[in-house]
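Note that the chains are named A, B and C in the order they appear, and that numbering of residues resets to 1 at the start of each chain.
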Amino acid sequence: MFKHTISELKEALVCLQAGQVTLAYPFQPHAPGGEFRGKPVIDVDKCIGCGACANACPARLITVKDMNGYRTLHFELGRCTYCADCRDVCPQQALRMSPQFELSTSSLEDLQIHVQFKLVLCRLCGEAVGTQRSVNLVNDKLAASELHQDDRDYLDLCIACKRKVAIHTPSLNLEVVP
Amino acid sequence: MDLITFFLGIFYTLVFPGFLFTAIVGLFLTWVDRKVTAVVQSRKGPPWFQPFADIGKLMSKKMLIPRGSRAIGFLAAPLLSIAGATLAAVIVLRSLFYPQASFVGDLIVVVYLSALPAIALIIGGASSRSPFGAIGASREMSMVLAYEVGFLLAVATVIIKVGSIGFADILAFQSAHGAIAGSVSGFVALVVLVLCIQAKLGYLPFDISEAETELIGGPLAEYSGTGLALFKISRAMMFFFLLVFAVLLFMGGVKLTMLSILGFVLKLLAVLVVLIVIKTTHARLRLDQALRLFWGRIAIAGLVSVALALLGL
Amino acid sequence: MSRLLDWCFKKSIWVYHVNAGSCNGCDIEILDVLTPYYDVERFGIKLVHTPRHADALLVTGPVTRQVRERLLRVYEATPDPKLVIAVGSCPTNGGIWYNSYSTLGGLSNVLPVNIFIPGCPPRPEAILYGVAQALGLVPKQVEPQIVMEG
């Protein structure tokens, strides 16, 4: 026991020199620095409801449901691992990882994001084509591109009906004999 | 014995300087202990009311008695611990404040009363039907055999120098001849006593019976609620009592002047700081290392101090 | 008198840490909270080594099938009044193991939970905030984000 007494007392003196290292944390905020990934937050103006984040999430906490002409995105943030795959894969950069980390709660309903978008339904069969926002986005991109302007007529058709209409449209060069 | 003396005796035992006074001052000294530990570890410690909040919280919890344990031993052990600490503290503090109350032989009474808390721990651990309690109890038995040797040799040194067994005579000797710690044999005996107090209180490096990470609290593993609170109070009382015992035996008593009281408090705090610094800077010893230390070097130092006292140094 | 005992309970919480199948990330963060940098002893929080001395259980990990028995025994061994605190994303809703064959999908399926502290792993500050919130000292800060397009 006495062999190490001198060295241990020297260590105690070193600690005394360090003074008090305690952070004043709950009484003063202690923000995380740099690229800290906290709770995910959706920028609702940018999101087009495409569902790419639902594909990418490893915890599969994002569900996309189409019902009654509306698309609902639901995030169960209780099991989020804050990996930011959803942010990386979003085409519109609508998801960001906010620096909020004080997320404790006694009920899991506080840890959710629930977003609802209007759907565009196919004018022939009534199936969902996509959200109004994503259709508007495609429309804007086509309008800006000066090519493919006639494709803008097909924007409110689902895939199957788009194919049917394309097959039965009379060709410009040949006459189709029924 | 008339009624007034009887009730006065009850007052002395339960309120001042008995159970309430010793418990409150002892709990306050455990706060000083935690604060000094915090300073050595570079952090802020708990606020001053922390030990009282701990005891209050423990009192408000349900006490669970393990199925199959001997309930009599399990429940009597904390009460035995408190009784031993209270009586020892009453005798020492009464003779401190009122030297006429001490009688011949009260030093020996106090020495064996101060062994009661350790015995209570052994009884509680052994009756709790838990392997941790059983191992803790057997380790505590070995430790008691180890540290009582040095403790008794240090006390014997004081008895030899003073020439009588009684607190009043020890205090009178020290006011006439100066503190016993000033002489060579007294100083060696004080060092031996401080190390034995470290083991008696169950502080690192000698907290082998209650090793928290190996034995999950040892004998205290199955206690909860009021039983645990009583054990912690008796431990705080032993802390205060042993500090006063050490200062009284080796560094003189106290008179009713401000300077003398201040000096006494400073001596108490000095011994406390030595105990805490040893506690925070050492790792726990194994049982065989501790036994070898106490029956080897510390017993030899005690014998040396007794021999020096016999030679008159 | 009961208000005094409630005050005592708030000022002195002894925690016992249970690992119910965790990857040890949250366990290491709990260890970080107990260092001098965050110093929980100034709030009266102490780590104890037996559930019989504990007031709050810090449970990490998705509850695996093997640990469920032992977790229930630890819960029964803790005397009332007690708090159960789920630390991390795994006990909150199962974490990324939410639909695995060997886990039970979160702590609320096994024990009554007082507070969840999500994070993978949660920062030591977040754990401290969660324990303070369980004692009623600080307000809840997280809110659901709900947007309906009509």
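In this text, a residue touches a chain if its C-beta (ideal position, glycine included) is under 8 Å from a C-beta of that chain, and two chains touch if they have at least 3 such contacts.
Being a predicted model, the structure only gives us computed values, none of them experimental.
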Innermost chain, where centres are averages of C-alpha coordinates: C
Centroid-based (C-alpha) most distant chain relative to chain C: B
Chain pair that, of all pairs, has the most C-beta pairs in contact: A-C
Distance from chain C to chain A - Cα centre to Cα centre, in angstrom: 28
Averaged-CA centre spacing for the pair chain C and chain B, given as whole angstrom: 37
Between chain A and chain B, centroid-to-centroid distance (C-alpha), Å: 64
Residue list for chain A, restricted to those that touch at least two other chains: 21-22
Residues of chain C whose C-beta touches two or more other chains: 36-37, 39, 42
Sites on chain B at which at least two other chains make contact: 41-44
Interface residues, chain C side, partner chain A - complex: 36-39, 42, 89-90, 92-96, 98-99, 106, 108, 113-120, 122-123, 125-126, 128-130, 132-134, 138, 140-150
Contacting residues of chain A [partner chain B, same complex]: 1, 4-5, 8-9, 11-12, 15-16, 18-22
Of all residues in chain C, those that touch chain B in their complex: 4-5, 7-9, 11-12, 36-37, 39, 41-42, 44, 48-50, 52-53, 55, 77, 79-81
Touching residues on chain B, where the partner in the complex is chain C: 34, 38, 41-47, 49-50, 52-54, 56-57, 59-64, 212-213, 216-217, 220-225, 228
Contacting residues of chain A [partner chain C, same complex]: 21-23, 25-26, 30, 32, 39, 41-42, 44, 58-61, 70, 76-83, 100-106, 108-118
